[in-house]
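Each structure below appears as structure tokens.
One chain, chain A, links the two complexes that follow: it is found with chain B in the first and with chain C in the second.
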Partner chain A sequence: MPSPTAWERIGRFFRERFPVEKLSYDELVRKKTVPIHRRSWGYYTGGLVLLFLLIQVVTGIFLLFYYEPTATDASSSIEYLTHYVPNGEFLRNIHAWSASFMIGFLLLHFLTTLAMKSFERPRELTWLAGVLLLFLTFTFGFTGYLLPWNQIAVNATKVVLQSLVQASTFLPGGLARLPLDVRLALQGGESVGQPTLSRFFAIHVVLLPVLLAIILGFHLLSVQLLGMSQGVDTPAKRYERFFPSYILKDLSVWTVAFFVLFFLALSIPFASFLPYPLTEPFYALGPTPAGIKPEWYFYFVYYPLELLPFPVILAGMTVIMIGLFLIPWMFRKSSRRALTALAVAGALYLLIITIFGHDIYQLVRGGS
Partner chain B sequence: MLVLYVILAYIAIFVFIVGTLYRLRAMRHAAATFAPQLREARLLLWESIPWHLGIIIILLAHLIELIARYPWQLLVDRPFALWLFEGLGLALSVTSFVGLSALLIQRFASPRLRAMIGPIDIILLGVLLWVVGTGIGTAIAYRWGTAWSTSTTVPYVISLLALHPRPDYVSALPWTAQAHIVGGWIFLLLLPFSRFLYLFLLPLPLAPAGAAPPLEPTDLARRNTLRGIAGIVGGSVLLGGAGLAGLLRYLAGPNLTREQSVTLDQERLLSLEQATQERDLILQREREDYILVAAVSELTLTVGKYFTDYQLRPALAFLGRDGFPMFISAKCTHLGCTVGNTVNAKEQILCPCHISYFNIYSGIPTPQSPAKLPLPHLGWVLRDPQGTEIASQTPDGRRVGQPTPAQVSSAQVYITRRFSGGA
Partner chain C sequence: MRFIRLPAICILCLWAMTRAGAFPEFQRYSQRHSGVPTDCAMCRINPGGPVGSEFGQIGSLNAQDQARLNQARAALNPGQVVDNPILNAFGDRIVQTLGMLNVLQLRSDPAGLAPALGTTSDLDKDGIPDSTEYLDGTNPLDPESGKPGLLLGTRLARHWISLVFAILALGLLLYGLLKLRQGVVRGDE
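After this line comes the complex of A and B, so read on.
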């Protein structure tokens, strides 16, 4: 028997990972089951991310009715929306809280799928799509942060874009030009201004949603075609039907999550975590106020950046980002116990640096 | 006051803890013999569930308020949250009152159950009704209890738990509130002696088991599915209706008062003026070879004047020790924040973003600063009031011209295109 050609091997690879023949009512609804075991709760984390994404899309669309993406009017349009438009503050709060919830649950989803070894063959492509979605979501957070055009928004964006200049000094040869070109492409000029706002707005409301829809569509469809991963080393003894049992449970979890979000958005303005000077409209000709920081979900890279030499962070982040894509192959033979230890270590790092990052910074540097 | 709010309170807490622990050990038998009587109840839906649902959430809210007093205060400072909690609290109190009343009626109506109730149980039920009733009365007559309780009843209970009792926190409260508190202590005191301790267990273990034949798994699944779907549809309709109403108001926009319109338009005008100012700066830098920064007499040694260079980067103008102007970039060499303009006792200016201190004369950051490169100095040109150039200094400090101090102090200082590559 002749050995298969490269094309045949590629075709076989994709057929195994994307079995379109299962695209039927029977396979996707009637026969589909979900394993029941002690880690079953992990299956709900992805659904929660989807819920918060949907909330982001809906609330984002309605925020567009009032938001004006110009350097002169962005801040005042937000002010108008928040303080004058009926339910405007609530809608903006939901959008802001939901963004944080989405990223929080996305990180939890990432860690649980890592611990459950959900990237195992034939789910490598699902994992790759998931990693892309992780990066896209962080980019959503970064680009959305600038849109209110207040002091913290503009100055934090300036700092991030300026760090690209710093990165270029550590890169060799022609590569050094790359971060500078990226910065110029994003910034649209010598400094952060109207061209930057226009670019970030376009990226946030058009480019990223389109990319996200495509990759998320692939991710969800592959999850549906391949089914839930086993999740534990010993195959589960019990299964439940995907429809209606699992779906109803999933919807119950969504309901609880939605009401938690609803009450938070109703009760605590997201902006209340920032002192007033930081939420003042940005004024280009004044000094940068103290306390400029990124959103909490960037603390895991912000505080190390503050404490360690830039090249160390640059190299570390590059390795980690590439490593995330290679996880299905790097940990192919690892047990779930080992992966769980890795995920727990990752979770601990994220929790500690996010909650105590400022204290650690003060401890190391002394003073604030 | 001391007797009711301190001695009674401590006795009640002590008896409740010790008595409940003791009773819980004996409860296995009691629940086994008593609970089946309840299984006769056809009204579980209308009594046990409303009672438990209402009282558990209300008690939880009391507990959360006690544990997380300050976050709770933050929450109820928001009018929306205050209204919501008041509304929900009242609704749940009424729900539990109705459920409790139904439970009482059922117990007295059923001869078998009546026979099992002792005098202490009757007293306890009366006290319970009293506590819930006075709670409802306080909620109606003295609104916003979710807010005022954080500075009255909560610190009172905390003072008890801290063993520094402060009855004065509650002694001035209206009589309904005082009756509610005292009733609560009496209830705690009596509870361990009553058979109704089980009332505070979740209703789930007491679900009817003997009356109806067990459901087949498929029936159960179907029934749960239908209930789930009905719940989703019902919830969606309610939520959708409320959401749609709110959304329409959102889209219709506000009805602004005249003052609000004026304030908003003023803010917008200010923003446009700032934008005009920025655009003017750009245009000026494109057209002019000299740009006025300040009169030398305006400059000081300790507070710099902000201006922007030819590339629109921020910079600061000081008066140097020699009486001549001194220009230094205000763009932090770490990550580009704009540094502060006030000089400290060590002749340093601070970048507040990541705490870098720069010496204003050398521009060099302190070794501890995250910034490692010095802030560059900028060149300048001095012109007398007639516009004649009397001195200049390049970015690297080379000076041309020897004006007198009087000439300097009456001159104006400019940045010039010919030095613009220096910063």
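After this line comes the complex of A and C, so read on.
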């Protein structure tokens, strides 16, 4: 029997990982089941990310009705929305809180799928799409942060873009140009200004949503075609039907999550966590106010950057980012116990650096 | 003696108000007490302070504004209506409540500003008195600025009916979904 050609092997690889023959009502709705075991709660984390994404889309569209993407009017348009549009403040708070929830649950989803070894064959492509979605979501956060055009938004963006210049000094040869070109492409000029805002706005409301829709569509469809991963070492003894039993449970979780979001958006303005000088309109001629920081979901890289030499972080982040894509092959033979330990260690690091990052920084540097 | 004292105080006021970073004692105290960064926007129109030629700074004032400024500076005693072109509503409220003479005296004891203002004034209507916002280093003119815990309390008190209805809706929805799922499971069996 002749050995398969490279094209046949590629075709087989994709057919196994994206079985389009299962694209039927019977397979996707009637026959699909979900295992019930002690880690079943992990299946709901992905659904919650989807819920908060949908809320982001809906509230984002409403915000677009009022937002002016110009350096002169961005801040005042948000002030108008917040203080003069009926329920404008509530809408803005829902958008801000759900962005944080979305990223929080995305990180939880990432860690639970890692611990459950959900990337196992034939789910490697689902994992790769998930990692891309993780990066896209962080890019959403980064680009959205600039849009209010206030002191913290502009100054924090300047710091991040400046770090690209710093990165270029540690890269060899022609690679050194890459961060500078990326910076220029994002910034649109010599410094952060109107071209930067226009580009970030276009990326945030057009480019990223289109990319997200394509990759998320692939991710969700592959989850549907391949079914839920086993999640535990011993195959589950009980299963429930995906439709309607699991969907109804998922809806219950969504209901509770939406209520928590509603409660927070109504009760605590997201901006109240920032010192008020940071939420004032950006003033180019004034001094940089104290306390410029990125959003909390970037603390895991921000505080190490403040404490450790830049090349160490640059090398570490590059290795981790490439490593995330290679996880299905790197940990193919790892046990779920080992992966769970890795996920717990990751979760602890994220929690500690996010909650105590500032205190650790003060402890090490001995200042504020 | 009275004829000498009044012009002397006025000159003192003029000198104090036109200095760069005028009245920084209050801002410094607020920052030290709260532990969070603050700026001149707490009391002034321009966050950069009174000196300069930007909007809300002395250099940008026309003759009419200058007259308003002089009139505001002459509000030595409490109770006088103040409309200072370089102060915001909170700055005006401080002068109106205490009078310039007391404000000048409090420069050496900025901790005394909060008790002197009392707890009745709440310019942004966020439920937190202006004097508390001064101590907390938050903006007394921005209803979104305040200690999150305090805002939670005041907003819960304001929106409790909405929350009761939301909890009711949540409970009913969860009950409905539970019953629906039980029915489906029973049907499957």
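Going forward, the second predicted complex is superposed on the first by the 368 of 368 C-alpha atoms of A that agree within 3 Å, B and C clash if a C-alpha of one lies under 4 Å from a C-alpha of the other, contacts with A are read in each partner's own complex, and residues count from 1 in each chain.
Just so we're on the same page, contacts are C-beta pairs under 8 Å (C-beta built on N, C-alpha and C of every residue); 3 or more make two chains touch, one makes a residue touch a chain.
Note that the structure is predicted; figures quoted are calculated from it, not measured.
In the three-chain model built by superposing on chain A, chain B clashes with chain C. In the superposition on chain A, A:Gly174 contacts neither chain B nor chain C. In the superposed model, A:Ser191 makes contact with chain B only, not with chain C. In the superposed model, A:Lys158 makes contact with chain B only, not with chain C.
Judged by the touch definition given at the top, the superposed model places A:Gly286 against both chain B and chain C. When the two structures are aligned on the shared chain, A:Ser245 is found in touch with chain B and with chain C.
When chain A is checked against chain B and against chain C, the one touching more of its residues turns out to be B.
In the superposed model, A:Thr255 lies in contact with both chain B and chain C. Contact with chain C, but none with chain B, is seen for A:Ala271 once the two complexes are overlaid on the shared chain.
Stretch 217-225 is the one of chain B that runs into chain C, the other listed stretches 127-135, 199-207, 217-225 or 379-387 having no clashing C-alpha atoms. In the superposition on chain A, chain A positions 244-245, 248, 251-252, 255, 263, 266-268, 283, 285-286, 289-291 are in contact with chain B in one complex as well as with chain C in the other. The touching residues of chain A, counted against chain B in their complex, run 62, 65, 71-73, 75-76, 79-80, 84-88, 90-91, 155, 158-159, 161-163, 165-166, 190-191, 244-245, 248, 251-252, 255, 263, 266-268, 281, 283-292, 306, 365, 367-368. For chain B in complex with chain A, the touching residues are 74-75, 78, 80-81, 84, 221, 224-225, 228-229, 232, 235, 246-247, 249-254, 256, 260, 264, 267-268, 271-272, 274-275, 277-278, 281, 306, 308, 311-314, 330, 335-341, 351-355, 368, 370. The part of chain A that touches chain C in the complex is made up of residues 82-83, 89, 241, 244-245, 248-249, 251-252, 255-256, 259, 262-263, 266-269, 271-273, 275-280, 283, 285-286, 289-291.
Residues of chain C touching chain A in their complex: 36-39, 41-42, 47-48, 54, 137-139, 142-148, 151-152, 155-156, 159, 162-163, 166-167, 170, 173-174, 177-178, 180-181, 184-185, 188.
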